Structure formats: structure tokens, C-alpha cells
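There are two complexes below, and they share chain A, which is joined by chain B in the first and by chain C in the second.
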Partner chain A sequence: MAGKQKMIKGFLTATLLLALLLQAGCAFKDIDKRTFVVGIGIDPSEKVKNGFRVTLKLAKPIGNVKQESTPTYAYISHDADTVAVAIHEMETRVDTVLDFGHNRIIVMNKELLTKDLDTFMDAFTRRGDIQMICFVAVAAKTSEEVVRFEPTIEAPASIALYNYFDNTGTESPYVVTTFLYEFRREVLGKGKDTVLPIIGVDKDNQEFHVTKSIVLKWGAKPVELTAEETKYYNSLVNKAVGFSYKIEEDSMFLVLNVTEVKFKYKIVLNEGDPRIDMKIGIVGNVGESSQRLSGKSLKKYDKLAAEEIQKKTMALLTKLQENNVDPFGFGLHYRATRLSRKGLDKEWEERIYPEIKFNVKVDVELQSTGAVE
Partner chain B sequence: MSRFLFYLIIINMLTNMVSITPRILIAGSAKGTILSMIVALILGIWLTYILVILFRSFPGQDLPEILHAYAPKWMATPVLLFLSVAWYVAGLFTIIIYTFIILRFLTPEMSIYVIVLTFAIVVTYGVFMATKNILYMSEIIFVLVVPFIIFIQIKGYISPELNWDYVRIALMEFNHLPDYGALTSSLFIVVGTANLVIFNRVFLNLKKLTGKGTALLAFICTYVLATTYFLPIGFGGFDSLENVLYPWIMTSDSIRMKFGIIERVVFLFIGAFLALGVVSIIIHWHVSIQLLSSVIQFKRFKWRKFNLTNPLIMVIFWVVAMVVTKSITAEGLFKAVEMYDDFVLPALLLLLVGSLLVAKKGAASKWRESKK
Partner chain C sequence: MTEQQAPPLLNELSKKFKPSDDVVQTPLQIKGQCAFLFYVRTVVDGDKLQQTVIKPFFEMASEEDYASYILSLPNQIEIPEIDKLLMLISAGAVIVAIDNQLCLLELRLVKNNEVQETTMEPTIHGPQKGLSEDIGTTINLIRQRYHRASLKVEDIIIDDASNIAVSLLYDSDRVDPEVLKKIKKELGNLKTPLFQSGGELQHFLNKSKFTLFPTAMVTERPDRIVYNLVAGKIVIAIDGSPNVIVVPVIFFDFMASMEDNYHVSAISGFTILLRYLGLFMCIVLPSLYIAMTSYNPEILRIELALTVAGSRIGVPYPSFIEVIFMLLFMELLTEASMRLPKAVSGTATTVGGLILGTAATEAALTSTIMVIIISAVAISTFVIPINEMSFAVRVVRLLLIIYTSLFGMVGLLIGFLGIIMFMANKDSLGTPYLKIPWKSKTNELEGGQ
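Presenting the complex of A and B:
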């Protein structure tokens, strides 16, 4: 009896295993049937009215990185009514499946930062396979140029553009980083306007220029920030360090290297005119000097630096206020510190923010003169 | 054995984290989710307390046994049938949601049937395990998976991209009256204890919730509920999340390990939650099948000495799951879960507590009779 049962069990197991043969392989396509998209660029189309020109950077599968001398990327561009249609039509132009799961950057044309921005960005957040942690950037001229550009510094099988952002490679206060989820929450939500890096291409020197940025408020005209303004914004909001500052006095100069930024602010509404009290603390050391410095005289330079930084910060804040954009998220903070009620965001945007005064206090602390006095 | 009670509660809580619940909570974010969550927490812990006390008086007995012994028959059968269907649907929702998530984020080309079948086969094996072994299995999965989940959540909490101002805005919405929908769906998260209807079989000496136990339970429930609601808002924004179907998948996709082995945490996250999801479905369907077979048992439907009623029920479970998963839309699922939370869940809890009270009374009178 026991032997018979064993036989039945064995038979059942065998049948189950044989059933696996009916499967025509997995539903999952192997890597040789996929092409990885590693960059997306969107421009307004010249051929299709109100359409888009989508450019994709595709990674070509290669056997050995070391032996490769030709570029390892291919590029395709396509014009269509909408982004999703363009992507689908491009799928017929390559022999394998386009896989967006590894894409880390979406570059947009400046002209597209208008009111119907959400309609084409929607295509990206709607497909589940595009990472929410991919970078969003704006091209200085056209995004096709940015996506297709290969700087000389780009190593085979690596993508130079990725390394600029989020301090993965370069660490610079000139580079702001915006992820797709940040972009989405700030464009669709109220209270904070999103800041996107501008990527420029320098054909003569064969390099990218990522120094400027653009403040985007949905439905309004975007405001461009210069490299200097970007640096201030980035070091305050994102605590980006590596920022250096030149102080000049009479015949001497010294360069201050910032190692730590502290930034706090408070919205004061009940004492006289509405104002924002801002406290900026900067810790750093001397990076270069035209003369010998003693530890004692550092206090004097602290003050000099503080005054200059205060002026620059004020200029940035007033510029943003005049253009009625709010990348610092003051409006958000206002809503976050008040009991909810209807129209809180409108009230801030229309009544308080255009009138508000800034009261900026800067504290600079030079910790050392570096390795020499 | 009491720690197993915690596993039942926590697994139920965690699986609901990625399901429709956060979406319901976020939908009510400007309408009183905060107060609802607080009320649900208190209500949930109170219910846990009551249920534990009630089941304590019947050590080692499951609800069918209790009802058949101490309650009138006209009452036992419909109650058990209703509970069985309710539990089946709870498991069904989990299977549908996880199938949708796999389909959208992991393998878009795969057939729905294959995914459901994969689930169903693993789950079937689990459902037919002994009740005690299911608890042991849940412990193993719990120990393997929960560290990952907590790691990802901590990673999210300490991420500089998490904007606390959005979280504060959500908190500042506490000046609204509780929202019924948000209340019941947060209640669903907290009442994993209800699984005792079958699992009480193995709790021979269920201890009353002590002060320490209650504090721990309250802490865990608060943490999970708060994380379920606030972390997606911190990453996805306050105004912009209402049209997101799976807020937690989006959130875990926003968390990154910059220099980690896998940069995109979402796959780790989905993997961990799939394991929990399978355990949750096994628990729910195990309860359901046991309740159902206590009412319906075809005596002559046999193969040798083995009664085939349970396998037949399981096959029906499969077929229904496949048909429903194939035909339901995302919006239909959302509506269905909402309805379930709003109507079925309160009815279920009332029936459960009510029938236990009746049974207790019956038991007391029986005991008195036997004494005479």
C-alpha cells in the first residue's frame, strides 16, 4: 500500500514538472532583446503642429568595454503629437524592446515650460517603469543637442550627464538637482516652485555647462537664475558646500571656502509689517590670501564676508519676490505653520508674499586659515 | 504564544500599507484623515483588547467550535458564512492589488492569469498547512522581511529630499471632523486580531493585554499608520498625490540608496511586500476556508478516505480570483475596497463581538445547567 502511494506521489510530481515544459519560456525578455534608454530629450516639434520631438539616447550592447573605440550609444529622434505616441512609434524603429527602467535623465526644452507642461510630463509619471528618481533638467538651447552630445570626458559605457547631479560625481553649488518626484510635487502642488538646472553645451571645448538654473512656476513665465544666484540658492536651500567667496579690502584679498551652511527662517506676521526673519550661518576656512593672516584678525574678515553675503542674498530674494516665484518654499512653510483653512495658499500668494520684507542676518565664522597662516 | 498574536496584527498592518488604504487616507487628507486615524487607533486597540478577552474564555477553540457548541444553530450558520466570505474577499483584494503592482511595475508583459496562478499555487500550499504551522511560517517571513521594510522607511525618513513642510501641512488639517471612509480603512489596518476566529485554536493560554503589551501595540500601530500616511505625503506632496494609484510604490521609488548595491529601492520594497502579501493572503484564506468548511461539508464527496470538500473550495477560490482579477478595473477595485471598509468591516466586527458575547452567555448557562 505504502509503495503504491509513493508511486502515485512520484507520478504527480513528475506530471507537475512536465507541465513546466508547456510554458513557452518566461514572460520576461532577456537582456539581448532589450535596448536600454539612458536619456530622454523633449523639444517642440518643427514638423508636427503643437507636437513634440522626442530624442532618446540608447545604450548599445557591447561585449567588452575595453576594446571599444567607437561610441557605445545610438540616438533616435521622432516627431509626433504627444510624447507617448512618439515613444510608441519609436519602438518600431529599433529591433528590440525599449526599456525605460534605467533612464536617469529627462531633458526639456525651455519653450515647453508653459501651462500645458503637465500634459507631457504626465506621460512619464504614468508609465510605471520610469524611475521617480530620475533627474529633470532644462536644455539651454535644444534638448536634442544636449542628449546627443558626447563630451570628451565621457568614458566608454558611462554617462557623463548623470554624474553632474545629486553629488554623485561632481560636487558643486552651481548644480541644482531636481528629481522627477520633486518636480511633480512642486509643479502640481502649491507653495513651492521648482528649480531646474540648465544644461548648456560648449561645442568648442567639448563639455557640458551646468551652472545656471531656472525657476518654474506652473502657468507663469519661468525665471532664469544666473550662475551666481544659483550658487546662493543652492547653498541655502540644499546646504550645498564647496562654495568659495572672494573678499576684497583695500589692496588685499582673501578667498573663503565654505564648509558648512546653516539656514533658518521664520515668518513673522503679527509684529508690524509682515516679514521673514532669516538666519544664515556660514562656517568655512581661508582658501587663498594675498598676505599672511593671523588667527586674531579673522574676526574682521568674518564681518566683511557677512556683509557681502547678506547683500547678495537680499538681491536674490528681492528678484524672486518681484517675479512672484517662491523656490524657497516660504508659501509652503506658511501653510505648514497655520491651521488649515480654505484659501490659505491664495492669501499668501496674492496678499502677503508680494509685500513681505526680508530681514537677513548672516553669521560667518572662519574656522582656520587653512594649512598655513 | 502571545508574540504570534503580534505577528497576526503586524502582518495585517504592513500588507495594507501598499494596498488601497493609503489612497483612501490621502483622498480624505483635506477632510479629516488625521482625526480619523487617531479615533481608529483608539478604537482598534480597544477592539483588540475586547477580542482577546472574549477569545480567552474559550481557550483552544475556534469560532465554529464555539458557535456550534454554545450558540443557536440558526445564528451560527449565517454568521460563519458571512465571515468566511468577508475573509475571502479581504484575501482577494490583496491578491488583486499585488497582481496589479507586479503587472505595472515588475513584469508588464506577463499574463494576468500566470501571475494569479503563481500566487494561487504558493498560497494553496500555505492554506492547507496546519494552523500552527502558518503561525510559524509567518514568524520566519516576518523576521526575514521586516528589517528590510524598516530599513527602507528609515532611509526615507532621514532623506534630505523628504520635505517636512508637506507633512506639517497634512498635520495641520486636524481641524476637521473625522471622515468615515478614512476611519474605517485605518481601522482595517489595526484589527488584525480578528484573525483569532480560527487562530484561537492554537492559543491555549491567551494572555490578557498587559500595560506593556498595550503600549507596544499602540506604538507599533501609530508608527505604521503614521508612516502609511505621512511618508508618501512628504515625498509626493500634499496637493499632488490624490490621483496617484499606488502612493507607496511611488514613495519607495522616490527613496534611493545613492551608492547602494541597488540604487532604486522600489524593487527591494516590492519584493519584501510580496512576501508579506503572500503570508497575509494565506492567513486570510486559511481562515476563510476553515470557516466555510465548518458550515459546508459534503460527506460523500470523497476520494478514498480523503474528503475533497476543501480542495473543491480552494479551486473555486482560484477561479473566482482569476475571473475577478481579469475583469476588475483599478477604479472598480478602489470602489470595492472602499465599500468593503465602509460597510463589511463594521458589520463583521459587530457580528464577531456580538456572536462571541452570545456564545459566552450560552456557555455560562450550560455550565450552570451541568452544575444542577
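Presenting the complex of A and C:
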């Protein structure tokens, strides 16, 4: 009997404990009690001195995605003297919990890049729910404008800015991608300077413009790269392909479609002047031409293309060198392949890099004329 | 001519059986020859009795001739002590007394000896007939598929109210003697007032009070039985049950279908993969829904997170109540369609399908995603080939839901680990339950244990 009583007692306790499950606790937050933040923009504040204006893009839950014709987002902006305070104060302006778990883009104002960059960046890297795989970008004008902008092409439940920077959407050599972890590492570390995409807004055509980029060296003035320079940088460092080079010769022109890029370099210090030997290999085919091309003369076009590309690469490298920024990470390479000693990075930065010569060799290999004969 | 007295044993027996009306004690008499019959009318084959016992009596020249005729009959058995004798008579034995000499003949009338269709473990290829409810027919079916002298059939007397016939079948060349000894001891120690089916016996063989996973397999397929006999396992057959029990078993036995042996390797490999995927899905999916919607929505893709959030608009209860509610409905539906007569079960599933399908979402009781998950779970539960395991999985699922609603994703992982640890700790008659059979099929069949 005692055993039975014990069993009944145990059963009752279990049921009572299970009944506690009905009381949803504090950690338990259903998905409909959360508001997903899908974009953060930071601008310098006009109201608060030395403060920030933080803009959040919030996704509204949609009952039926397919029936929704327009994107359903809400936006809030708030001014405060730090980013963390602004976010906390914004929590009072929304009825549900702000969930940063799905945020994948942080847009910064250009002015902030020179200011105390590390303080507000800290707010993001310290917050556990902001993922380090966030994309970091710079707004052409203000980040509020970028975050609040809804291009016509944007579909419901699909965020246009995410599609730009992860490789599931568009893959263009004009778009550079920098993650938050990279950004932090490259800004605070030495030897490599970070490259951030610049997001512009074209109000007339209702679209984003992501072509240019900016090279950021902490404490120095940022260097803006043109669309063309961004393309060259991106194709070399990130092996971005799917672009074309136009080559003109006399009266004809032809356009190369690049399908593969190889890039290798070596820092040579012990043979005369310090120099960097660079080898670029490009594989592709002819995408457009003003004349009928013969397969036999492909070698000739190879050479033409190589010369053109060599010139442009040299121009990019010299520009970067003149501005004393190093997004290729030559400095990092140098430090990683030398025995560590005091002043190693200073030596590179102040003595070697400003003087170094570039020796670029380009190899273009056209696989076909691109036409069916 | 004086009338002969019936032997005292018969009188004693008839006293024991009184006042049953179907007990017959009758003398056979012709010209000074005399014999007595004692039997229970309702369990004895009357035709056979007439042909082999009564008719020859009147055709024989003398009592001695008749006695030697009776003693040479193939179904003659030795007379045991009184307790067992009573049991045999009630099972259909006939006592023939000739001149104070007693013979016992087995003339059982068995009506339930038809071979049944396989219903629990149907296959497309492979034998379509299962076993029979009569133990004699069952053993016959097994012996007819396994012609070897080493196949032993041992009758076990179990001390319960019904004195039901239980037989142990094994291949003495292949069986592990330790396991055999253990199972015999277990069956000898069985302290149960009554048991009537294979499933019940396997329940009693489990010593602990609370068991989650079956440690003996109940099967109805003769091909699976023979496969297991060859692999050195022991089969327990019970009279009146169309299933037999196979011991010892490991977890992975429950995930094997006999169909796997009848297909080409690519197809059976694919189906095995599908089955394990189904197992994993039906255990984890409901809990995963809770973990993802209520604790860690960042695991989902943004599109899915927004859709889930959208489809939960207006759902009044938290996600785990939603899951438990829908699972409960599904379990009720499964249970109802199993127990109902076949004519009605169609209606039950249709009505249930309507509720689970669209009405529940339209009434905003659950989200649409939930309906998809529940149907995926329901379907994948049925992929598990042995029923006992799919029942066990249904319970495991609930435990995981409790863990997950308390501790989120971490709870799901810890609960899952806990289940694996629980299984690793378990054994079936000394064989570790999670033993991974690193053996090819041919090795398994050749080497026994």
C-alpha cells in the first residue's frame, strides 16, 4: 500500500510540476512576441552633442507572404549619446522584444569613420545577439536614408541589402563584402586595412547603388575607391568573376568575359630595391566584338588584354600606396612571414611600403572567341 | 459376465472435473471386452476419436490386441503426474483404460489453426502469410522453413492460471548457451497470474517497473523468425498468440525490415537511410519547432522566421501548448483508427484529417507551419518497421518536448543525449541495447553471436 501511495504522490507532483509549464517564463518568448531587426544604421546625431542617431529597420510579421505585394517594414530612429543607450531606449518604443538575431547589416555614416570608431563598434561586438557575420557597409549620404529606403525590387520577407552582400543573391565584382568580425579584426589589427562597400540610394529610379568602396585605416583619412578600382580590387583579392574588360584597338573593340582569376604575389626584399612580384592569371572568353574574330588570333587579343589590365592594376596599386593604405594585406603577409621582432610593423609601414616597387605580370588566356562557328 | 469397474484414477479425475457437463467418462463394451474412455468433449476431435479409438475397439479380436493397438498409436503420450494430467485432459487428451492399463492419447481439436496474413509487418516482396494462433501450427510453420536437427523445440511450463503452452525454439548449434540459460531462468521465475500474448510476455520479461524501449521483439513474420534463429537468437512461441517473441534484440533490429533483404542494395540502402531519417525527424521535429520559435529563432533563415512569426499571428497559446495539442490530436487519431472496426475507421480519419488539416489553422488555433510539422511527424512515425519501436518513439517525443519547452535548444540537445545514454545503459538479456552490429549480413548468418 505504501508503494502505491508513494506512486500516487509522485504522480501528483509530476502533474503539478508539468502544470507549471503553462506559465511561460521569462526566457520563453514566442516568435510572435519578437520583432526582428533587419537593418541598423548609425549617423552622427544632430540633437545630442557627440551622440549617435540609430535607425532600425523592423520586419513586421506577415500572415501570408504570397499575398503581400509590398514589403512590410517599420522604421524607428533614436538619438542618444551612445549606441547601446539608443538601442535600449528604443526597446520602449516597440511593444515586442527587439531581436537582433536576424540582423545582418550595419550601415555607418562616412563621418563616423574618422571619429571614435571603436567605441560604437564595441556595442555591436559585445552584444551577444548581434551576429559577427553581419555585413558592414558605409552610406553614401546618411545611413538613415539607406536603412529606410525600400527599392521597388525588394520582395516581402526578403531583404534587399542581405541579398547584395551574401553570395546567394547578386554576385558582382563591384560589390565588396565585409563581415563585422573582419571589420573589427582589420580595423584593430595591423597590416591590413578594411574595405567597406558604399551604398548609395538612387531615389529617382528607386534602387540601390553599390559600386564604390572605401578603404579605411583607423586614425587616417579614408580613401574612396571608384567603381572601376573596386572591381579590380575585388577580382584580385576575392577572386570575384563574372565581369568584363573592354579592349580597344584601332577601330575595333572586344569585350572579355572573365571566368577565372588567379592572383599570386611575393614580397622580394633581398634583390636590390624592395619590390612585390605579382602574377595575375585571367581566363575568359570574348563576350562582344565589333568584328568577326578568328580563333587563330586569340593569342593576339590575349596580349592586348594583358597590357590593358596590367596598366589598370598598376594604377590602383600606386593610388593605394600613395595614400598609405593597404587593403591587399601586404603588410600582414610581411609580418606573417618574418620572425617577430619589435618594430616590425612600423618598419613596413614607414620604410618599406611607401618605397616598394610593383612588378605586375598579367597572363590572359582566352579560351574561345565566344561564337559558334 | 460381471460389469468391470472403472479404474480408480478415472473416478478421481471425474471428481475433479465435476460439475462440468462436457466431461465424458464412458465404458466401451462388447462380448466381455471392456475399455473406459475419459475426455472433455469440447476439446477433443470427435471424428478422430471415433476413427482411431472407438471403431477399432469393436473390430479387434481381444482386449490384448486392442491394448497393443492403442499403445502403438502415434499420438500416444506417457501419463504424467496428476497435475499435468489434468492440464493435458483440459487441453484435449483422452484417457483410454483397458484392463487397468491406462493410455493417454492426444486428440486435440484445434479450430484456430489457420495461417494468418501478415498485418503488422507487411512487405511487398517476401512471404505474405504469417503465423497461426495455434502453437502447433506455428511451430510447424517454422520447422517447415528450417529443416535442421539442431532446431530445438522445448516446451516450458509456466506457472500461471491458464497453463498456456509456451515453447522455446532455438538452433542449438548457434545459440549462446548463456542467453539460453538466462531466458529459461527468467521464464521459470515468471510471477504473473495470467498472460495471454507475446507482447504481454515480453513485458513481464522486462524486470524494471518503468520501461520505455522494448527489449524483446514481437514478430509475426516466419522469414524474420528464421533469420533470427540462424543468427543464434531464441524464439518464444505462445499458444493463442499469432506472434512470437525474439530475444535478445538490439535497437537496430527494430529498424530493420525483412524487405531490406529482398531488394537490390541501392534501393534497400535508400530505404534504410529514409527510415533513420524518419526516426530522427519524428523524434526531434516537434521539439525543434519549439526551440526555434520560442528560444532561438536566429537559427531559421530570415524568410522562414518571418513566415513562422506571421503564421503564428493570433495563435493564443505558446508554441509548446500548440505542439502538444496537435500531437495529442494526432495520437488520438492514430489510436482511434487502430481500435475502431474497419468500417468506421475511415470516417474517423477523414473527420480527424479535416480538423488537423485546415480547420485548426483557420480557427487560428495553430500555425500553418505546425500542421506541416505534425503531418511530417505522423508520416515519419509510420516508417519505423516494428510497431513496438514506433510506440516507444511516440513517448520519447513527448519527453523531449518537455525538456525543450523548459530549456530551449540546449534542452533538446541534452534530452537527446539523455535518451542515447538511457539506451546505452540498457541491455536485452545481457546484450547491450545500443550494440552496433559491425557485421555484414553473411557474417551475421554464419557466425551466430
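As a convention for this text, the second predicted complex is superposed on the first by the 340 of 373 C-alpha atoms of A that agree within 3 Å, B and C clash if a C-alpha of one lies under 4 Å from a C-alpha of the other, contacts with A are read in each partner's own complex, and residues count from 1 in each chain.
The definition used in the following text is that a contact is a pair of C-beta atoms (placed from the backbone, for glycine too) under 8 Å apart; a residue touches a chain by one contact, two chains touch by 3 or more.
Keep in mind it's a predicted model, so treat the numbers as computed, not measured.
Asker: Overlaying the two complexes on chain A, which is it for chain B and chain C: clash or fit?
Answerer: Fit - chain B and chain C, as placed by superposing on chain A, sit side by side.
Asker: Mind working out whether A:158 is in touch with chain B, chain C, both or neither, as first, second, both or neither?
Answerer: second
Asker: Quick one: the Cα-centre angle at chain A between chain B and chain C, nearest 10 degrees, please.
Answerer: Here the answer is 50 degrees.
Asker: Based on the superposed arrangement, let me know which partner A:368 touches: chain B (first), chain C (second), both, or neither?
Answerer: neither
Asker: In the overlaid three-chain picture, which partner chain does A:318 touch, first (chain B) or second (chain C), both, or neither?
Answerer: Neither partner.
Asker: Between chain B (first) and chain C (second), which, if any, makes contact with A:206: first, second, both or neither?
Answerer: Neither partner.
Asker: Let me test your reading of the model: by the given contact rule, A:62 touches which partner, first (chain B), second (chain C), both or neither?
Answerer: second
Asker: Considering only touches as defined above, state whether A:30 meets chain B (first), chain C (second), both or neither.
Answerer: second
Asker: One more residue to check, A:290. First (chain B), second (chain C), both or neither?
Answerer: Neither partner.
Asker: According to the stated criteria, A:18 is in contact with first (chain B), second (chain C), both, or neither; which is it?
Answerer: So A:18 only meets chain C here.
Asker: Does the superposition put A:333 against chain B (first), chain C (second), both, or neither?
Answerer: Touch partner of A:333: chain B, not chain C.
Asker: So if I take every C-alpha atom in chain B and every one in chain C after superposing, what is the smallest distance between them in Å?
Answerer: Minimum over all C-alpha pairs: 5 Å.
Asker: List the residues of chain A that touch chain B in one complex and chain C in the other.
Answerer: Residues 27-29, 129, 131 of chain A touch both chain B and chain C.
Asker: Under the definition above, what is the set of chain A residues touching chain C in their complex?
Answerer: Interface residues on the chain A side: 18, 21-22, 24, 27-32, 34, 36, 38, 59, 61-65, 99, 101-102, 104, 129, 131, 157-159, 162.
Asker: Write out the stretch or stretches of chain A touching chain B in their complex.
Answerer: Going by the criterion above, the answer is residues 27-29, 128-129, 131-133, 166, 168, 179, 181-182, 184-192, 238-239, 329, 332-333, 335-341.
Asker: Within their complex, state which residues of chain B touch chain A.
Answerer: 30, 104-105, 107-111, 114, 160-161, 163-166, 168-169, 172-173, 175-176, 235-241, 249-250, 253-256, 258, 263-264
Asker: Tell me, which parts of chain C touch chain A in their complex?
Answerer: It is residues 292-298, 302-303, 305-313, 315, 318-321, 402, 405-406, 408 of chain C that touch chain A.
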